[in-house]
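Both complexes shown next keep chain A, but they swap its partner, so chain B is in the first and chain C is in the second.
Presenting the complex of A and B:
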């Protein structure tokens, strides 16, 4: 396990490093002055001269990169080109807002997709399976932006059950402290906590539903196919002949073996969600990192673009690392496959 | 009454070259406490027969039989659930490739524990835990695994084929089945373990009044305790009877050839002597001879043999052949 862990960590840091090289290179690929793109300080400003030396722009490119790396480690992403405030200071709440949306959606995707996938597999070729699969295929082929409009039209405009956009009704006057509405409400001393919580939940439903639709359908399909395959394995047949109940077969024997192969796919699915995050946050006017990124792209606010891209990618890498470590620990066989032991 | 009563079991499957009949009207009876050896060359359908009894065949295959009775109850007429309840309680099978039949993501201890009947362990939660653990260790000891602590925590991929086979024997005997089907259980083992396992199976049969259906490829490796032998060739039953009679006075040309071959393999041979094996090779599924499937290789075959021989009896043996050998002088 130690060797496995070390290798995984090594690849994690290697990937981070490559990522930092890419974002570093972006500063040259973006139009304009690389130093401005990097630090958010424009030529002619008084700080520009100082930045030239502090960012090693008087030295070699290698030195500049190392300096850039050092800034990243200190979370110093420079200043926003449009507001002039520190990028990381602004970023914190945006990122938490998005994290809340992402995590909730991912949770919904897992809770909906995996059990339905196993259910369909359990009724392989029966009507239940066909019904689930057809619904999944339908949900899977609707583009996210269209689904969002559809849901808004149906639930918010037509039957007016749910609010159209935003995180919470501003009348509740909840101060944004962490960025996560739920946590903010719990932290606040508002006397309408419960009502506010209810309102925030209603606001969350549509974005979460939209964002989780594609990943849950993907997970459903992967889980279904994998479960069907595992259920035909000799060891499942033998366990069945031993008189074990179907539940036990499914949960004790099929599920772990299915999970072993579905887990790595989860990182990939999470990556897909990131792409849709931008769209969903924009449509639902959600004050998260995705919408912020979109705004930064429109305003050519390069320090912000770099920072958000890097963080979202790094998040995927972290998730990947966690998944790999858990998988290696829970399913020792996968370690064997890769490194022949340990 | 026979514990297991199979009459005219036929299995057909759709292969890439059309429909093939892999088991052709096979009958077999097994009494309580009997050690029965099923002998046949590779591909003769021994494993299929065993899997049909246990009920783990591919559901797309056609399985028909005049009778597939367990203790007088018709297994084919039951719902899958009823059938599983009975096979799970009364039968167990040791499969030919043990590693494929062990869950790759459960430890040995977990898989053996699962096979111990819930009624066997009683008392408080902690009691049951400890009790189960000692039982698992005992079972491992009985199949000849001494470093049980290490093996218990292992996953199947960490086991050698021989140890995996022993683990599956431990799983199989955990619920004290009435019938144990052992499909070539000692092929992957070194000679000393082979002996040990064979003795164990013989001992279990006696001490637990357990019937054993042992599947082997040649007559030489049948259990010493074997009371009855059946011979299968190309999905057809050739002959069965009690061990003594079969080995000394085989009625069927196939049995005769099998015995001679195994004597040959075990005796010091004159290098020039001709091998008394059957000429030709086992036919492929696509080109099964009609009638007696041994026909093309049988030195005694005549025109009549294109019609499948019906069962005939001779004191302690039954055979399927038009021209039996070793007929008593009349």
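Presenting the complex of A and C:
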């Protein structure tokens, strides 16, 4: 296990390093002054001269890169070119906003996708299976931006149930402290916490529904296929022959084995969600990192672009690492599968 | 099977629960109003910027002026000054100030005294006196005052006693009071400035503003919202609503959608035709004749646009009639001059440059412009009263100009960047416009086309013509309207010859709102005001 852990960690840091080389190179690939792209300090500002030395721009490129790494480790991503405030200082709330949306959507995807997948597998080739699979294929084929428009048209314009923009009605005057609207409401000293919570929940429904549609359908299909496969294994047949109930068979014997193969797909699904996050946040005016990234791209705010790109990608890497480590610990077979031996 | 039905039940239950509660509107929503504005304000001090977005978000909400202009009575009315008189043949104006006017009390500032002459002197010196301690805070740039020449006109602001202030002019000027009644001549708190100086936080004066206006500032989250709270001790009738939110929504379609879903109570620059086609009775569209003009300004300091013949030729190439129909859906009038026909100084003369591609092509060749000539048109990225869709307008012009062999590239940046680069004169030509801050015709000339306005950056054509400046100067030195009318006619004649810009349209101003909103009026001059805003409570 130790060796497995070490190799995983090694690859993780290697990937991070490569990622940092890419973002570092971006400073030169973006138009304009590399130092400005990196630090957000424009030529002619008083701080520019100081930045030249503090960012090792008077030294070799290797030095500059090491210096850049050091700044990243200290979370110093420079200043925003459009507002002049520290990038990381703004980033914290944006990232939490996105994290809340992502986690909730992911939760919904798991809660909807996996049980439905197992249900379909259980009724393999029955009408229920066909029905679930057809709806899944339909849901899977609708692009996110289109689905969002349809949901808005139905739930907000036609039947006026749900709001379409932001985390909460701004009249509730909930200050964004952490970024997560639910935590913010609980922390606030508003007299209308309950009403605010309800309002925030209503605001959450459409974005979460939109963002979770694709991953839930993916999970459904993966779970279904894996379950079908597992249910045909001899040990399941043996268990069934010994008179175990279908329920017990499904949850106690099949599920753990299904999970083993579904888990690695989760990071892939998470990556997909990140891409959709940008679209969903933009459509629903969600004050998160995705919308922030899009805005930064439009405004050519290079320090922000770098920071968000790096952080989102690093997040996927971390998740990947966690899943692999968990898998390696929980299902020792997978260690052997990759590297042979323990 | 059971699992599925549980899920379905859970979902439906959740939806039902969330709707059933809506009949009982929570208090913050009852007493609050959401205005979906079209962009971020650049500052919270309208002294420093002229953009309509900033003026909307600040001037009438946070601040008051010495005097106001009442468009209905066509007269100046008292505001923070109760009374004023001209002395010394119009070279000195004496203002009596209102007593007992309170400044905002917020978590960052608690006033200990009410409004007095020190605040007036401080507020005027801020932009007037380059030596004043706060002059350079935020860049030391006051475009409105520079463009109208008010900073040259006023030689001093003197405190006579605690409630009397004298403003001394270098020469009599008939547009002086009109300029004082604009959204830009606001009153700041000197006490707050002193507190900031003591804490060495001068820059906060325009970020966490303090004024005497009907609302006080609470919070601003860039790209998302600005929050205001009612000023409880406002000196005149204030709003019924307690909270005001500017929800920043640059996309016009989304603004309309949010109005439909009830997430906005009032929106500016609605897509009028589309909104009307929705035919919803809970939405009201209001319109007002607005003194504005949209125009295409050439950067006359850049060759070949320094040649009047090139500018004239390009003007002939544009089919303005088609623009009115396509961009404004006919809700605008073809502009014959930059001065709207509603102004008392307007002429009946038709603009020389009616659509004539043949002539345009010929004149361009004469001026030495070869087919394939490349130029930029900068199109403002936001909707304005005078131009609901500059980008689309630029596209129409692009095809018009392609007809005469001019290759156009359309340029558009985010609004703040756009303005910054525009004031650095990086453009060949720009589609922009102007709406009047006051009723005086001078407001259409000096801020837009005087030499002083070149320096202040509001002369988008960078056009400086001494003869033209002379006429404008003569026109403001007299109070005789007949004489002034003559002079403005001469000025418009000269403009038509020189053609530093092509006037395109005078547009109606629109606003859409939910029917229960009341008291949100569209003033013909200046920004939106929520001073009397209220809501009719829906019948329970």
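The rule is short, and it goes like this: the second predicted complex is superposed on the first by the 342 of 342 C-alpha atoms of A that agree within 3 Å, B and C clash if a C-alpha of one lies under 4 Å from a C-alpha of the other, contacts with A are read in each partner's own complex, and residues count from 1 in each chain.
One rule holds in what follows: a contact is a pair of C-beta atoms (placed from the backbone, for glycine too) under 8 Å apart; a residue touches a chain by one contact, two chains touch by 3 or more.
Please read these numbers as outputs of a predicted model, since none were measured by experiment.
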Based on the superposition on chain A, does the combination of chain B and chain C result in a clash or a fit? fit
Give me the angle at the C-alpha centre of chain A between the C-alpha centres of chain B and chain C, rounded to the nearest 10 degrees. 160
Comparing chain C with chain B, which touches more residues belonging to chain A? C
Which of the two partners, first being chain B and second being chain C, lies in contact with A:239: first, second, both, or neither? first
What is the contact status of A:225 with respect to chain B (first) and chain C (second): first, second, both, or neither? neither
Which superposed partner A:256 touches (first chain B, second chain C, both, neither): first
Who does A:299 touch here: chain B (first), chain C (second), both, or neither? second
One more residue to check, A:135. First (chain B), second (chain C), both or neither? neither
Going by the contact rule set out at the top, does A:331 touch chain B (first), chain C (second), both, or neither? first
Would you check which partner chain A:67 touches, where first means chain B only, second means chain C only, and both and neither mean what they say? neither
Shortest span in Å between Cα atoms of chain B and of chain C, once chain A is used as the common reference: 18
Overlap of chain C and chain B interfaces on chain A (superposed complexes): none
Provide the residue numbers of chain C that touch chain A in the complex, in ascending order. 1, 3-4, 7, 15, 18-19, 21, 26-29, 32, 34, 218-219, 221-225, 227, 243, 245, 247, 249, 254, 257-258, 260-263, 414, 416-417
Interface residues, chain A side, partner chain B - complex: 233-244, 252-253, 256-257, 260, 331-333, 336
Of chain A, residues touching chain C in the complex: 82-83, 112, 115-116, 119, 128, 152, 156-157, 160-166, 169-173, 175-176, 192, 195, 198-199, 201-202, 205, 285, 287, 295, 298-299
Where on chain B does chain A make contact in their complex? 54-56, 84-85, 87-89, 91-93, 95, 97, 100-106, 114-115, 155, 157-158, 171, 175
